[in-house]
Structure formats: C-alpha cells, structure tokens
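Below, chain A partners chain B and then partners chain C, in two separate complexes.
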Partner chain A sequence: MQVTIQTFIGGLSLGAIYALVALGFSLVYRTMGLVNFSHGNVVMIGAYLASTFYISSKLPFAVSIVVSMVVTAAIGIIIERVLRPLENKDFDLMLIGTIGFGIVLEALAIMIWGATGQAVPSPVPAAPIILAGIRIRTYDLLVLAVAAAATLLLIFFLQRSKRGTAMQAVAMDHEAATAVGINVGRSNAIAFMLGASLAALAGGLVGPLLYVSPAMGGSLGIKGFAAAILGGFGSIPGAILGGVGIGLLDSYAAGHFQGYSELVTFLVFTVIIMVRPNGIFGERTVNRA
Partner chain B sequence: MRYKLGLTVVLAVLAWLLPYQVNSYTIHVVDVTLLLALLAVGLGLAMGVAGQINLAQVAFYGVAAYATAILTTKAGLGFWTAGLIALVVAAGFGLLVGTTALRIQSHYLGIVTLGLALAFTNWVTNAQIGGGAEGITAIPVPTFPGVDLTSEYLYYYLELIVFAIALGFGLFVVHTPLGRRMRAMRDDSLAAGAVGVEVPMLRMTAFLLSAVFGGAAGVLYAGLIRYVAPDSFNIATMFLLLAMVIIGGRQSLIGCVVGAVALAVVRELLVDYPTYAQVAYGSIVVLIVVFFPAGLAGLPGQLRRILHRLGWWRETATAPSLRAFQPYEPGTPTPDPAPALLDIRTLSMNFRGLKALRDVSLAVVGGEIRGIVGPNGSGKTTLFNVVSGLYRPTSGEVFIGGHRSTGARPYAVAQAGVARTFQNLRLFRALTVRDNILVALDRTRIWASWRYAFWQLGVWRYDQRLRADADAVLERFGLADFAGSLPGALPYGTQRRVEMARAMARQPRLLLLDEPAAGLNGEEVRQLGDIVRSIRSSGVTVVIIEHNMSLVMSLCDRITVLSSGAVIADGPPAEVAVAPQVIEAYLGDSAMSADVPDAIPTEVAR
Partner chain C sequence: MSRFTRSRFAVVWIAAAAAALALSACSKPGATNTTPTATGGPIKIALVDAQSGQLSSLGAWELKGAKLAIDEWNKNGGINGRQIELGVFDDQGDPTTGTTLARKIASENYIAMVGTAESAVTIAMAPILRDAGIPNITSGQSTGLVAVKSPFLFLNGPTSTTYDETLAKYVVDTKGLKQVAMITNNGSYGKGEHDAFLKSLQSRSITPLDDQVVTTDQKDFTAQLTSIRSKNPQVIFIGAEEVESGLIVKQARSLGITAPFAGGAPQGTPVYLSTAGAAAVEGTFVSSPYLSNDINDASRKFSAAYKAAYNEDAELHGAKAYDGTQILLTALKTSNVATGKALADAIRATKYKGLLGSFAYDDTGVGIFATAIGTITNGKLVSAS
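The block that comes next holds the complex of A and B.
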C-alpha cells in the first residue's frame, strides 16, 4: 500500500510535467490547428538552458527557468513565423514542417552541449518528508505547486485578459476573428510563444527528475502529446487530466513492468484512444457532407 | 511515353553498371541507400497515396529484420525460409497497426503509430529473444546457387532486382483501380465512400502494402548487415524516412526514391559531421514544406507555372469547352403501380439535444422524380446523409429496393445502387476528371485485390475496360475536353456537371441530388433540368433537394416539404405549393416563426 501511494505521488509529479507539455501542445493546436511536433525538442532545449544557467552560471533555480522560458519563447516565435504560410492550410505539411524543426533543434543541442547529457542536482533539500510512513520527495511537491500555479495563470490569462479572449475567438473561428479585427497572426505568435515557455518550464522542472540529454525531447514530446490526445486535444482541462493520467500510467508501468514500461504505456494508450477516439474531454465531431 | 521508357532503360543500365565504378565502401553505402529507398516507397504508398500517416514504417522494417535474425539464429531455419516467414510476420504486424486507422486518422493516427513503433523498440531492447541492447549477431549469409552473397557487390544485384520489382509493383498499384481508390480516399474519404470505395478495408490494405515493402527491406537488411540491434530502428531513422518522402514528394513514388537517394547523398557527404548533416536535412524539410509542398517531384510542374507566368511557355491547345449533354436511351418503363424503391419509415436523427429529423416517413416509387424542399436547417441534407449511410439514425428504418439498409456503411449503400452528389462539391481534388469518373466506375471489391499478387494481367485488362467506359461517360456529359484537368481548375458549373457524371458512372438505381442547381446560371439550370429528365427516363429514380422553386415545380412528380425535421406536406407540386402549412413555413407567421430554427450547424459543410 505504501509503495502504491509513493508510486502515485511520483506519478503525479511526472504527470504534472506531462500536463505542462500537453498544455503547450493543446494551446497551439486550439489556436491555430497545428500539431507542433517540435514541442518535445523545445522542452529539451528549455531543460538544457535552465540546467546550464543553474549549474554553470550559478543563477538561482527559479531565475534560470525564467531565463530559459524567455529564450524558448523566442524560438517559438521563429518557428511560427517560418511556418506561417502553411497555417490553416495543409495540416500534414505543417506537422512535417515542425518535425523538421525538431530535428534541427536536436542537432543544435548536440552541437552546443554534446551528446552525453548531464544530471541536475535538486534545488531543494534532498531529504524526503515522511508523512504517516510515506516518503515524499520534497522536489515532487515543488513540481506540483509550480505546475498548478502556471496552469492557473494560463487559465486566468485565457479567460480574463482581452488578448486571451481574442485567442479563444481565433481558436473557434479564425475567419470570423479576422472579420472582427483580431490580428490572427499575432494571436498565433502569442500561442506559440506561450506554448514554448510552458515547454521550457516543463523542461526546467524535469531536469532534476530525469537526466537531461538531447534524446529526452523525443520521449517527453511523445508522452506529452499522448497526454493531450488522451484528455481531448485542444482542451485545457483535458491536457491536465491527460498529463496526470499518462504520468500515473507511466509510473505504475515502471513499477510493475520495469523495462517494458514504455511498451505497456503505449499499448494502453492505443487501446484507450481506439475506444474513445476523441479523448476524455474531446468534442464529438460529426461527419459533414 | 517513349521518352519515359528510354529514361527507364538508361537508368536501369546505369544501375546495372554502377558496381563496376565504385569501391567497397561506396557499394555498402549504395546497398543501404537502396534499402532506405525501398522503405520510402512503402511509406509513400501509405502516406502519399492513401493519406494514412504511418510513423510505424521503421517498426515494419525492424520486425522483419528481427524475425529473420531470430528464426535463423535461434530456430536454425535457412535464410530464405526465415525471410519469407519474416515477411508474413511484418505483414501481420502491419495489419495490426492498420486496425487503429479504422478508428482514428490524421495526427491521432500519427501519434498512435509512433507510439506502437516505440513500443516495438522497447520490446526488443528488453526481451531475451531479441538479444537486448546488444542485438543479435551472426545471422547466416543468404545462400544462392552460384552466387556468393557475402560480396556486397553481388548483394547489390539482389537488392536491385527486389527494388525494381517492388517499385514496378508500387507504380502498377498507383495507376490501376486499387491505387486510384486509395488516392480518392486520401482526397475525400466521405465522397469515396459514397462512390462505393470500401474505406475501412482500403486503409488496412494501405498499411498492409506499406508493411510488405518495409518487411522486404528488413529481410534484406538482415542479410546485408547480418546483425540487428534496436538502435537501427529508432525514431531518428523514422524521421529520416519521413524527410525522404517529403523532400522527394509524397504523392509520387518516383519522388520518394529521388528523395531517399538525395538525402542519402547529403548524409554521406557530411558523414564526418553527423550533427551538421542533421541540421541540414532538418532545414531542408522545413524549406521544402514551406516553399515546395509537392517536393522534388513537384518541381517540373512548378517550374512550368513560373515560365508560364513569365510568358516563356505557351500551351498550344485550343480552349476547352463544355459540350452539350447527350441524352440517355430511354429505359424500360417501370411497371404500374411501381413498388417503392426508397422507403423511409419513422426516421429520427438526434445530434445530442438537437432533433434534426423527427419521425420522417416517405416512400419514393421507382421511376419517380421526388423533390425535397424546406427552409434552411429543416433536415434535408441530414435525411440524405442518413439514407446514404453517413449517419446512423437514432430510430426508424430505411429500405432500398425492399432491402433494409438502416445503418449500413456508405460503401454498402453505394454498392446497393444509390449514388449521390453533395451540396458543397466533393470532387477528388488531386485526381483528374477522368480519374474521378474511373473511381466511380470501378466496382472491384477489396477481396479481389488478390489479383494484384497473382494475376496482374487481369487487373490491367479490367483497367483498360474501365478507361473505355470512362471515355463514354465523359463524352455523354460533354466533359471530354476536361478529361485531363484537375477539378479545381474548372468553372463552378462544370464542376457540378463532373459530380453528376461521377454519380451516374455508378449506374445507380437511385440518384440523390443535393442542391444541384446552387450557384448555376439560368442556362445551366435549364440544362440541369434536361439532364435529370433524361436520367429518369433511362430508368433511374431521382430524389432532389433544391431551393430553386421553378426548377422543382417543373421537374418533380411529387414534392415532400420538410420543416424543423418533420414532413409537413407531401404531394404533387401544384397541391403542395398552395398548402397553408407550407406557406407558413416558408414565409413565416407570428405563431410559426418560433418553430423555425436557425441553420443547423451540422449542415454547414466546411
């Protein structure tokens, strides 16, 4: 039982990271109908930047994450600008274009930081809190708190600010949004920028949990995307729920199937998606003729 | 044609002479490149031709390579026996992955296939039988009487022959009925279903083909390298393959080969700087999708358009024109009293809370022209969608020619003799007008695809017959001048005519026309009336949704009026036109107007 609860908490903090990654995917998707396959690599770049500032430049952990968020936001804007001609046109081409960006980002990371990767020390005391016989890593709590705060801020921005409302409008109907004078291009750029910052936040937070390496982008990206789809692609609550779902699935699979965890995770994911193709919060789409 | 044949011969001779020109390192690179090209052709078939985003191609490759390795080293089978079994295993795995395409499409399919590919690498990395991260070594050399296949020079010829057969077969598929149906499904799966294309099975077939190509490459890989490890089948390889297909041009198999060769050359030039190579091909992918979406294969066309714009290139053909429709021979008159061909009984259709159809009953007798009219959002198109199998009704029954067809799949309804047109044109936009007609004429069922493996001549003959039939249809509808054009390049009225011709190419018993006069000018509407009358007199029953009341009044034998999803009047035009409830529904009345909803969102096609 204790082990189960500990797995659960470990899964929650990993799930919070997946949820942040999934939020980035969903935010970009709902605003401009684009699946940003380079998102995972942006997470990886964010993780490297944050860890470099933290370890080499000796900046405080929080500051280094914020700096890396600013840098990745710039990367996000560049990606959006280059792929803008394809927006709202050919879905598959955009998807492949972002894969191209992902390949470039991964290669750049290898050039700058080398192929081996680095471990990041935890910014909070390593001694776990023991609560009723359950060992809880303090860092897990930090991750959960930061992820929750970031999600609330994002929701607040989307629901309450004028710019956020405009982005919601673009998500619903980009043509109608243009007609009422919303700058769709800028709205898309902001979505990309926010998505990329969320990626850097996730990357910065995941550093002390995993090993930072150029290859981490692939697996984080794929699991984050799976989380977004599981929750219902484009839905904000769906991204959070999906992230936590994949995190828990992942940590139980790792506990019970060791090496085969990835196999189990993806098989379960496939089965869920086959049963419910539009995810938990996804809208049922109707064939239109 | 002759020019293409000459080019093929020259390329074949060059490929045959290649080993004499290169050193032992280069021939190894060439051998690997050929395998990648084979994989790219398989991926091109699934993604470019059938429109199925398949990111598991690398797993098909890996499954076959691993199966060969395991069967030869652990079970002691000979290389060829093992290879054959491995091919079957890969095909089976392909079908398994393909089942996901029955439920999901597009990026959903992308993530699921990618996940399954990862699951495969994860499994071989951990499983005892796969040798873990070290993989399996000492795969025996394939034996061939009189040829020593340890020589990579001689292995090249083995690969070249397999590749040539595979590419030839792939091109044969693309240009004959099976590939044409796949391309139609890629362009518009709804319209494909409406012309009788068995969309679900065809998606599986696309994955099967892709897996067989990937499997062949995997078996050859095992024989060439004689060592397999999980790293050779990772996601980076998958993205490399994807880049090859995109750079070459998805929709052309030759383009896929060109892309594979081009990227392999780039990779080889930068072999000492693998990260720069990665940056280079990543950037190329981005530039290609933004500036040359059709890839290298699309370059000649793009170049021609630029020259055309600059005035350096002129087409000498005379301006094509839409000719007059040639009426059908009158068919046998229907017996009197005719039985009901289309019988709809208390049909209801709800979209969540919205009742789009409420207890609609109507019977259309054979040989009739039935008009369906009603305000926007009254459920007319929903009715067509239920009859043609796009929606499963909430309750009620549909009978076609006395057989129950409620809830049948669109292709089954089409095969039962129902053809339709769409309110917002749904032509296969990347297929020529002739190909649009050919897809509709094609009546091969999916199980007849075995002929592709064993009786290609039969397939070819059937295709020739279809082409002759297509010419006859084009001639009848006055579209002969446009046979080679893409539908998007034609005037709107002509596109409508093409869609009508496509529906009639099915030789249906029942034709459903959804607002065929929308957007047509007066003369075109008059021609449309003549065409519909001729179609009826040939023995086809017609149901027509139309807002153009003068056309409906002059054309239809009976009219059914829908309002808010319910039938409010049914009878001869003259009776219906003066019925008070119809006038109320159309012109409004203070008591009635609350019942007339705004446009039903589901009817607005995007």
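The block that comes next holds the complex of A and C.
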C-alpha cells in the first residue's frame, strides 16, 4: 500500500510537467490545426534559459522562469511568423517546417551551452515532508501548485478575455471568424506565443527534477505529445488529464514491468487510443487543413 | 488526430524515407579502400563518438582527450615529419549511424579510428572495420567487445568484469557489506554491469536482496526505490550512465534511503556528482582505473594540459581517450606509419605506461586488467585505502 501511494506521488509531479507540455501542443493545434513538432525543443530551450539565469546570473528562481518564458515567447512568435506564408497553402511543408525548427533549436543549444548539459540545484530546501511514512518532496508540491495556477490562468484567458474568445472562435471556424473581423494571423501568433511560454514554464520547472541537456526535448516532447493525444488533442482539460495520466502510467509501469515499462506504457496508451480514437475529451472541433 | 489524415502522414513518411535513402546512398558500401596514403600528406585518424544526443557528454570528453594527445604530437613535429589529422564523426550514440560511419571512414581512407564510447556502437562497427583493415581503439568496456574477436579492435581500459570484480571484492570482502541491492538500466552498459556484478556476487554465494531494472529513458524511479528501501540494504549497486545514476541517487535520498551507492566509471564523474548533488553522493564507492587528477606526475601533467586547453577539470573518459590515442600514435611511430594488419600488430606489441596504468595487450584486445577503489568524500573522489 505504501509503495502504491509513494509511486502515485512520484508520478504526479512529472505528470504535471507532461500536462504543461501537452497544453502547449493542444493550444497550437486547436487554433491552427498544426502539430508543432519543435515544441519539445522549445521546452529544452526554456529549461536552459531558466537554469542559466538561475545559476549564472543568480536571479531568483521564479524570476529566471519568467524571463525564460518571455524569451521563448519571442521564439514562438518567430516560428509562427516564418511559417505564416504557408498557412492554408501547404500544410505538410508547415509540419516539416516545425520539425526543422526543432533541429535548429537543438543545434543552437549545443552551440551556446555545449553538449554536456548542466544540473540544476533545487530552489527549495530538500527536506521532504513525511506523512504516515509517505515522503513528499517540497519541490514536487511547488511544481503541482505552479502547474495548476498556470492552467487556471490559461482557462481564464481563453474563456473570459476578448482575445481568448477570439482564439476560441478561430479554433471553431476560422473562415467565419475572419468574416466577423477576427485577425486570424494574430490569433495564431498568440497561440504560438502562449504555447512557447508554457513550454518554457515546463522546462524551467523540470530542470531541478532532471538534468538540462540539449537532448532532453526528445523524451519530454514525446511524452507531452502522447499526453495531449490521450486527453483528446486540442482539448485543454484533456491535456491536463492526459499529462497526469501518462505520468502515473509511467510510474506504475516502471514498478511492475521494470525494463519493459516504456513498452507497457505505450501499449496501454495504444489500447486506449484504439478504444477512444479522439482521446478522453476528444471532439472533432478542429476541421481546418 | 482527427484531421491529421492518413495520406498526409504518408506524404511525410515517404519524404523522410526518401531523404534517408539519399543519405545512405552517399556512402555506398563498395567504396574502394586502396592502400591509404603511404607517404606524404597528413596521417588521417577518425574519431567516432556521440557529439549530439543523450550520450554527447561522453563524446565531448573523448574528443577532448584524443585531441589533446594529437595536438601534443603535432606540436612536436608529428610522426616522420607528417602531421596527424583528426576527423570527427557524430554517431549520436546509435549503432545504425555507427555502421554508416564505419563505411564512410573506410571510403575516405582513414587509417585508424578512435572511439566510440558506447560498446553497442563499437560492436556494430567492428565487422566493417575488420573487413576494411582499420584498427580501432574503443572506450567501450563491455565484455561483448571481446566476444567480437576482431584482431583490429582494442580497448583503452579494463572490461566491466574487472570493474565489478574489484568493486565486489572491496564492498563485500573488505567492507563486509553483504546485504546488497541492485538497480541497473536495460541499456547495453547497464545490462553489462548487471551481469558482471551479479556474477561477482554469486561467486561469493550472495544473492542480492533486490534486483531492480529501469529503462535508459526513465525519469521517475519512485516505485523501484521504494521497493529497495523496504529491503533495507547496506549498499546499493548502481549500473547506469552518469545522468540517470545521478537522478536515481537524488530521488533515493529524498525517499529516505541512506545506504551508500556503489558503481563503476560513471559514478566517478562530475556529471554524476552535480546531478545528484554533493551531499547525496557522499560515501559512494567507485571502481575506476582513473580516480583523480592527482595520483602521479603523469596525471598531474595531463590534467594541467587539459585544464589549459579546455578550462575544465579532466576526468576518466578524457584520460582513457588520451591513453588510447597515445597508444595508437606510439604504434604508428614504431611501425613507420603502417596501415591495416601491420598497424594492428604494432598496437598489440605496444607497451605503454599511461594514466590508467601499464598497458600490455593480449590477444583479446584488452590491455589493462586493474581498477582502483575510491570513495566520494566531501564532494571529491579519493582513493579508499
């Protein structure tokens, strides 16, 4: 029983990170109908920026993450700007364009920070909280709180603000949205910008949990992508549920299937997707090519 | 993925496949390997290692060590008045990429190869290099390298068996810690460590209390570590690469595991220490042929040169690559820049006193059979005596 609960807690904080990554994927997808394959690498860049400001410039941890979110938001805007001419013309090229951006970002990281990577010390004192034999790392609680707050802010923005509702409108029907005077290009740019900021937030938070290296985007990106699909690609609550789901699935599979855990995780994932092809909260809202 | 239709996927995949085909066509296997540059021009040596991807830190260290040795020789006038040219190739830690590169260095007339740091990649490349007659000094340590039985393959350090037997001898026999738990990954390195250490334990009639296997890409080890904690071991053997080992130890400490860890080469590296944090790795037993930069005059000279060249502290992998490259260059000199089998024989005949100890190669391609035990004390690896 103790093992079960401890495993649950272990899976939860990484699950929250996957959820943030999945949110970025979903946000861009629901707005533009585009899978941004460079997203994992944006997470990596965010992690590098946050950890560099935190370690080298000695900025407070929270400030480093915010600065890194601003910088990656700019990168997000640049990616969208470069791909914009292809919008509605050649979707495949656009898709490959995002893969290309991912490769460029990884190469840039190796040029700037080297191939070796860096470890990030935890910003909160390490002593875990012990509750009835279950140990909870204080940093995990911080990750969960920040991820929850970011999600709430995002939902508030999408549902309550004018710009957010405009983005929802574009997601539902971009031609009708254009007809009523919504600037689709700007809406896409905001989606990319927000997606990149969320990636930086995930990257910044995951730094002290893991190890920051140019290759970290790969596995985080794949898990985040799987999380988005599991929850229903394009769905905001789906991304959160999918992220936590993948985190927990991973954690329990590791305990029971040892070396085969990765295989089991993705087998279970495949079965769920076969039963529910649109994911848990999936609906066919996005129909734009 | 509703709108991401099948035909679109097909387009992407066909494009990717076409690109892959075009790339592989560039280095066709039948490319000629005529006696490479017998006289004149630079001596071409290839370094194949991961310069990108998960294992790139190993590749970066290797490159630095090998380059240091070559720069030293070049500064002293090269070999027989010829400069040595180092071609760097990125295998991404991937065996398939490795085989492509093996054909490439054969067709580009490289006469010898340094690397790789991954046994699996080296094993994949070995048959091609043997056919092309290119001697290879690898940094791998898997016993699988010996099993290849290639007369062109040499190791620049001891095999896993040596590492783990020395470790088991110290931990079990000397320290008397018989309650052992194991956590290893299922990659080629971790699997090799698992088997070698388990064998050493079995020869002492010890069954590990717990034998946990993780994947190479795993990030959360709570389930396995909680199981280990419940068995209450005196020492935990760890067989995984630097970063993953660091993460395992970090998470173990936050779960309240206080037992010391024990392991091979990765546990002696600065990456392991910084990933877990100095306090977490305190007391780790490390089996390594190169404990510190301060063992003797040779290591002090090497580490000073390394620091001057790269502004960072030298460590085991750089030292291994440096030794391996020195052996290769010495053999090139004694054989008057021979190639193929003559060069391989010259390497086998080379007796070299290096940073790791005294090399004397046997028929299996292993030149050194000893490691030393160190413990991490106050954030530094010091010799355990």
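Keep in mind that, in the parts below, the second predicted complex is superposed on the first by the 277 of 289 C-alpha atoms of A that agree within 3 Å, B and C clash if a C-alpha of one lies under 4 Å from a C-alpha of the other, contacts with A are read in each partner's own complex, and residues count from 1 in each chain.
Everything that follows uses one rule, which is that a contact is a pair of C-beta atoms (placed from the backbone, for glycine too) under 8 Å apart; a residue touches a chain by one contact, two chains touch by 3 or more.
What you see is a predicted model; the values in this text were computed from it and never measured.
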item	value
Fit or clash - chain C, chain B, common chain A	clash
First, second, both or neither for A:G259, with chain B first and chain C second	both
Partner chain in contact with A:M32 - chain B first, chain C second, else both or neither	neither
Partner chain(s) touched by A:M111 [first = chain B, second = chain C, both, neither]	first
Contacts of A:I229 with chain B and chain C, given as first, second, both or neither	both
Chain B versus chain C as contact partner of A:V146, first or second or both or neither	neither
Contacts of A:T270 with chain B and chain C, given as first, second, both or neither	first
Touched partner set for A:D92, first chain B, second chain C, both or neither	both
Partner chain in contact with A:T7 - chain B first, chain C second, else both or neither	second
Which of chain B and chain C A:S251 touches, first, second, both or neither	second
Chain B region in steric overlap with chain C, selected from 22-30, 310-318 or 436-444	22-30
Chain A residues contacted in one complex by chain B, in the other by chain C	35, 91-92, 95-96, 106, 110, 219, 229, 233, 258-259, 261-262, 277, 286-289
Chain A residues within the chain B interface of the complex	35, 82-83, 85-86, 90-97, 99-108, 110-111, 218-219, 222, 225-226, 229, 233, 258-263, 266-267, 269-270, 273-274, 277, 286-289
Chain C - residues contacting chain A, complex	1-4, 8, 11-12, 15, 51-54, 56-57, 59-60, 185-186, 212-215, 217-224, 226-227, 230, 243, 246-247, 251, 253-256, 271, 274-275, 277
Partner chain C, residues of chain A touching it in the complex	2-3, 6-7, 9-11, 14, 33, 35, 91-92, 95-96, 106, 110, 114-119, 121-122, 126, 128, 130, 135, 137, 209-211, 213-215, 219, 229, 233, 247, 250-252, 254-256, 258-259, 261-262, 277-278, 282, 284, 286-289
Chain A-touching residues of chain B, taken from the complex the two chains share	47, 53, 99-100, 103-104, 106-108, 110-112, 114-116, 118-119, 122-123, 125-126, 190, 235, 239, 242-243, 246, 275-276, 278-279, 281-286, 289-290, 293, 351, 381, 384-385, 388, 390-391, 422-423, 426, 514, 602, 604-606
